[in-house]
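Structures given as structure tokens follow.
Both of the next two complexes hold chain A, though its partner changes from chain B to chain C.
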Partner chain A sequence: MASLNPALSTLPLAAPRRRAWRRRIFDACGWGLCGLAFLCLGAATVWILATVVLHGLGALNWKMITQGTVGTGGGLMNAIEGTLILALGGIALALPPGLAAGIYLAEFDTGWLAPVIRFFSDVLVGVPSIVIGYFGYVTLVEDLGWGFSAAAGGIALAIIALPYITRGSEMAIRQVPREMRDAAYALGASDSRVVMSITVPLALPGVLTGVLLALAIAVGETAPLLYTAGWSNFLWNGHLIQEPVGYLTYAIWAFITEPFASAHALAYAAALLVTGFVLVISIFARLALDENTGWRRRMRG
Partner chain B sequence: MNPTSLPPALHFTPPAAANRVEPGRPVIGVRGLDFFYGPAQVLFGIELQVREREILALIGPSGCGKSTFLRCLNRMNDTIPGAHARGLVEIDGHNIYAPHTNVIGLRRKVGMIFQRSNPFPFSIAENVAYGLKINGLAKNRSERMARIESSLRAAGLWDEVKDRLNKPALSLSGGQQQRLCIARALAIEPEILLMDEPASALDPITTTRIEELALELKTRYTIVIVTHNLQQAARISDRTSFFLMGRVVETDSTQRMFTNPSRKETEDYITGRFG
Partner chain C sequence: MKFRHLIAVLASVVALALLAIVVFLAVYSWPAIRMNGAGFLRRNTWNLGNLYSDPILRHGREVMPGASYGILFLIAGTLLSTLIAVILAIPVGVGAAIFLAEAVPAGMRSWISFFVEMLAAIPSVVFGLWGYVVVIPFLGHHLYPWMAHHLKFIPFFAGHSGSGYGLLTAGLVLCLMIVPLITATLRDALVTQLATQRDASLALGASRFETLWSVLLPGARRVLIGSSILATGRALGETMAVLMISGNALNYLPRNIYSPISTMASFIVSQLDSALQDPTGIAVRSLAEVALVLCVISVVVNGAARLLIYYHGRWSARMA
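Up next, the complex of A and B:
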């Protein structure tokens, strides 16, 4: 159904005249479907954002971000802090192995290990996040006896983030032009030198995009944290284990179904904050990858 | 690194310390070189010598193996999976395909300029300094700056860029970028320069500039240059080698090659009857 594609139908192909009316109908259908798709997508997005923003703005105030939770009221400072700690900690844990795996996949594709890593990475993306939460609960919280804790939550998020960072790094490294590596090899650079001084630095904007995507996902996760980080009304005391941590998605999950206005306010504000974080992260990801801003432009002059 | 503990093939003397003998001494000797991309053989029994401080031009129709041959001389083909060479390539008397050859040392000694200029997206100075850095060739900042300057001067680029060494290399024009790549190659003081159609992507005036540069560099370096431009080969090279379908048809002084070739195929090619 090539003619459903509006771009194709504008090609100046010399079609027989009596086919022209058919093509016009297909054209109209094509545009109609596109329009419908756009409407659905646009309406859903606007509706979601409007709900989150309208409720959220009503609930968000200074007290909300400067106080901890008290019962089903108070503020979300504990949850904001916890979300940042868990997400950033998880990313920090996932970055070294993820980047290393990405380098390996992109640069040393010939061995038997590469398809194996790629397979595990794909499987990991497909594992439901609640299963990762359950895994974290059984192994870290229970067997290792860490209890609900920042360490258990961070590791759960790191497992979620790992395949995104791996694949993002691999893609970014593959996009570094061959000419750049050739130039370095021709100057007497060893394999590892080429990787460290040319490939990875040139791939950094792309790697960063993968990292930011993973960060956005980590910020928005709920299920893996319910079983690993627990919940706390208080600011984190710095203990990695035996100390539960609060986070924003928990506030949405737990407080929206409570029958109190103060609890609803917590959920609304948390939803707005989580969405806001994710949007800001996405915008940064765009900027990092954009040809006309950020690092690429600095390098191009 | 203690040179005496290394096999002979590893034993590259730095150019400054090398005994410069009279021009004309063969520095590259190729005997019976076959080359394969996986199962496909693309070079057949190449026999060729390159003499010190000459410009040898490689000409021949597209796909005949000129680039492949050039890349055999600094083992850049090693980076292509499945590629392998058979035969003898001697540089300064050492077989560079012998086991345990120091490929990094080889590439330091045999620099390469690519068809499409490929400066790193770093600053101009960082580009020239790259080879110095990875090979540990400059002890301190002033030494590094001195070598950056002398390389840029040798590439005829210094006056154009001396006030903007920290600007991105990619802000230079195409011809300047190619000369920057030449400066980058010169910075590590190679003995031999391999150039694969270094001017084919450039306009005529810039091309002339690169040709003049090649002639200047000849006083210090041995140059092997691939070109599709027969006038270019005639203008700058001392000797020319004609490649056809993975074989060397003949190698002769450029003058004789273009006025009185000894083989029919060569004559057909340079008179434009094919290729």
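Up next, the complex of A and C:
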């Protein structure tokens, strides 16, 4: 080769070698920095979970879940009960419109309304929860005169949960194979028949997974409840309005800044309960939505 | 009524909820908007006035003497803490996404991704608890004094390093809260990109990282921009964590990155109790104006991000 083209033999060999080194260094630095970023994230996750679990296990005992709050001590039974009432109530309120929106977006995505609803739902996810809380305060607590109450807190949480249920239902219903609908329509079934007897039942596991994730969000919320549900040391007396309700996330926020060890114990125990609940639901949802283990596999098979 | 229309009416509740939030907040805060004028965004004093004297008339509206409502310090605190969070979150999010998409074996990817993206599921108030109990003592006693001493050549790093409550702490914790949003979206985009692009690049002799950096990442640019804007929106509106770690400064513009701050979201929580002491009610309505400003900002930010993502979806569908 060199004899054919003398110019080639005079090329400095150092340049390509230097470039090879540069490329190798670029590669090593790139992978190193990416690994470092991943490690930072993983370390933070472990650090947060370890803080919550270690402090929480030290504070959690039988008394904690069987007694109400007394001043800055006692237990969290009132808050556990309140969290369940507010979150389940909020989900129950959000389910009819959320599921309807999911059905509409997945099944009747033809006109102008579906894109509009999808856009509003996606933007609603991003509205800060404190804005929804303050909206609940001025409309429900003040204008309607409900006071701090389970109804006001439940409605605030319902607005938070709405877009999550909408999105989850839409995704689940879209997974139902097209042929199922076509077959039903070909047999002369009406819209309502197809949706109620074919698509929603088939998509039900996915819809429920979305609802569970919305429940996890609702249980972890604080800001929308501070000025709608208030706080109470007592168990709920069944009144929907004019009766404040306690909830776990309030206990985390309010009691950690108190100077007493009993108050800190309440906050740590509440943090462990909330985080544990949220993570168990997330893991369950992950298993349910997983390609290999979840309900989608059964639908395929 | 046809079934389809019944479903449409019920589904519209989702859209109406957002409209109702904007409309009711605007109506409720209207007296405050008229009284505060455009100076609301420029003034730097939030002062309820003298609550022990009689109300006076201003612009045809009863207010306490000396009352002044301006939220410049809240805008500064909100934007600066979000800026720090996003500047840190984008490189960390991109790096972690690349690592998860390319360095982790496909069999383990799902669960390892789930583990770090679990950060997104942890409630805001738990981040606040962690920040308050663990992070602030560490930063305030060890890292910040060290930074203020050794990094004082960087602008805004010098000066009093404070107690640990403040701008940088808020930015760091917000960063952790929004990184999973960027990582999860980008990882999906990297994994699902066309194999032909990757193969062509590798066949030309590029290394795997060069392929990622020069071919796959540019292909996911729009996804990265969209998810970063969504993450920005989340950081702008975070409430509880910021409330517990930011120092809740009042009428104070940050001097350096350790300064205490307040954000619009955290201010609404910390000030409602005292705003209720104002007998003319203008303080509560001014707080509603803060909520309205925050709501409009987040609607604009999230709307822009969604339109970008929708447009991208249609674009890539056409290409495929």
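Just so it is clear, the second predicted complex is superposed on the first by the 252 of 301 C-alpha atoms of A that agree within 3 Å, B and C clash if a C-alpha of one lies under 4 Å from a C-alpha of the other, contacts with A are read in each partner's own complex, and residues count from 1 in each chain.
Everything below uses one rule, namely that a residue touches a chain if its C-beta (ideal position, glycine included) is under 8 Å from a C-beta of that chain, and two chains touch if they have at least 3 such contacts.
The shown structure was predicted, so the numbers you read here are calculated from the model rather than taken from an experiment.
*Asks:* So in the superposed three-chain picture, is A:E258 touching just chain B, just chain C, both, or none of them (first/second/both/neither)?
*Replies:* So A:E258 meets neither chain B nor chain C here.
*Asks:* Hey, is it chain B or chain C that touches more of chain A?
*Replies:* C
*Asks:* Check the residue A:R181 against both partner chains and state whether it touches chain B (first), chain C (second), both, or neither.
*Replies:* First partner only.
*Asks:* Under the stated touch criterion, which partner chain does A:L202 make contact with: chain B (first), chain C (second), both, or neither?
*Replies:* first
*Asks:* Check whether A:S190 is in contact with chain B, with chain C, with both or with neither, and answer first, second, both or neither.
*Replies:* Both chain B and chain C are touched by A:S190.
*Asks:* Show me the chain A residues, by the header's touch rule, that chain B contacts in one structure and chain C contacts in the other.
*Replies:* 190
*Asks:* So in the complex, which bits of chain A are touching chain B?
*Replies:* Within the complex, chain A touches chain B at residues 110, 177, 179-190, 193, 197-198, 202, 296, 298-301.
*Asks:* Please output the residues of chain A touching chain C within their complex, sorted ascending.
*Replies:* 23, 26-27, 30-31, 33-38, 40-42, 44-45, 47-48, 51-52, 55, 96-98, 100-101, 103-105, 108, 113, 116-117, 119-132, 134-135, 137-139, 143, 159, 162-163, 166, 190-192, 195, 216, 219-223, 226-227, 249, 252-253, 256-257, 267, 271, 274-275, 278-279, 282-283, 286, 290
*Asks:* Considering the complex alone, what residue numbers of chain C touch chain A?
*Replies:* 2-4, 7-8, 10-15, 17-21, 24-25, 28, 91-96, 98-100, 103, 110, 114-116, 118-119, 121-130, 132-134, 176, 179-180, 183, 207-210, 212-213, 230, 233-234, 236-240, 243-244, 265, 268-269, 272, 284, 287-288, 291, 294-295, 298-299, 301-303, 305-306, 310
*Asks:* Would you tell me which residues of chain B are touching chain A in their complex?
*Replies:* Listed in rising order, the residues are 74, 76, 79, 81, 104-105, 107-108, 111-112, 114, 116, 118-122, 130-131, 133-135, 167-171, 181, 184-185, 188.
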